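This structure is in structure tokens; I'll ask about it shortly.
Letters are used for the chains, namely A, B, C and D, taken in the order the chains are written, and counting of residues starts over at 1 for each.
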């Protein structure tokens, strides 16, 4: 575990959980843990490495590079922003790093609340903002041995900024 | 299994899964099945029976009554509406019925897509519309032996209708 | 025709379903509510706030003006509260 | 000062980090990019499209006008693509 990852509590019973594992995510375990809080509403998002085609080649794996000295602090700040904006009992961001074979999960974000809308909105907020604010870079490896850095999408930036103006 | 529940395919590889179990939901199994589709993006919402307080009494269990001849058709219609509105690979609605002890999940909805926004939006749509369009009625049982039918919330109706005018 | 009741409507009336022969004067759901209400206190209590009731004709949602002369099953229930 | 590079910036430059002593003329991130670019082809390639680059000063996001004379670590990287 890197410094700065783990489970944090703002001191009032609420929970922030940030992990950056280099191995397969325990999706069932993470979801069971957040459901066990008994908050009433849990929303989650899972992003998985896909066997996409690009210029005639098929993705066989992706690599997630990150900035260890900054990543966990950036994710914790993101979770704290969500906690301030919505009445959440828990916020969970698990992001795998290193080489990730196609079919494996890259990221899990989840939010627990007694309010359905708070759980749903904050879950969307967490993944939207993670995509533009956290120092991760994705490289795709193809079946012909080539590789390519994934380019950032303008639509992701627009969607992340839309949270500034949403009610 | 009731008639009309199960796994359905519109015939093009997409999947609709509707279940109305009377026992504990297998959340981990359901999430594993939808993640195994390799769609890239999976969003989920889980609603759990909470030990809420009401007029000084604490909820110990809830009962979900439904209209068996109508429920699965209503949920299937809801899933098909979501499939028409967003590019989804799969749509899953699992709703428990009967007596549900506090702490147990009542409902799981999940949507899989190659597009993050489609997964997130359709998941919200499914649970928002389920709350107003599917024939379920919730009764709370309290620790003093009393019981009460839960009243529908105007805010839920407003939110469900908001999907009519959203882009 | 089969009538089916749910939640507090069912509890007030005391049955979850019953078979009825509607008189020719009963054409719509609203007519049916009026005809049922005179059958007893349970029905009157169940239909005390008719604006709050929902209806399904042969498992399709319908409003009080819907014609039910050809329907096989009319369901009467309060606003839904699932999820 | 420590410079750290990520993704294609790192690959073009050939190092993931290096220690440098900045001359007094280098006050901002923009100055630093100009100073680094003359050090070789790898830097020029990495900074070919400076409008696309992002920066963090001591692990806080910053723009090219940020003063770096008191900073310990400057990170230079392309737009992020996690999640």
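As a convention for this text, a residue touches a chain if its C-beta (ideal position, glycine included) is under 8 Å from a C-beta of that chain, and two chains touch if they have at least 3 such contacts.
This one's a predicted model, so the numbers in the text were calculated from it and none came from an experiment.
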Mutual neighbours - chains that touch chain A and chain C alike: B
Smallest number of contact steps required from chain A to reach chain D: 1
Based only on mean CA positions, could you tell me how far chain C sits from chain D in angstrom? 72
How far is the middle of chain B from the middle of chain C, if each middle is the mean of its Cα atoms, in Å? 26
So what's the Cα centroid distance for chain B and chain D, whole Å? 49
Centre to centre, by mean C-alpha position, how many angstrom separate chain A and chain B? 24
Where chain C touches two or more other chains at once, the residues are 83
Chain B: which residues touch two or more other chains? 47, 116, 127
Chain pairs in touch? A-B, A-D, B-C
Note which residues of chain D are touching chain A in the complex, please. 4, 6-8, 10, 56, 59, 61, 73, 75, 77-83
For the complex, give me every residue of chain A touching chain B. 27-28, 31-32, 35, 38-48, 50-51, 102-103, 105, 114, 116-117, 119-120, 123-124, 127, 159
Within their complex, state which residues of chain B touch chain C. 47, 64-67, 69-70, 73, 95, 106-107, 127, 130-139, 149-152
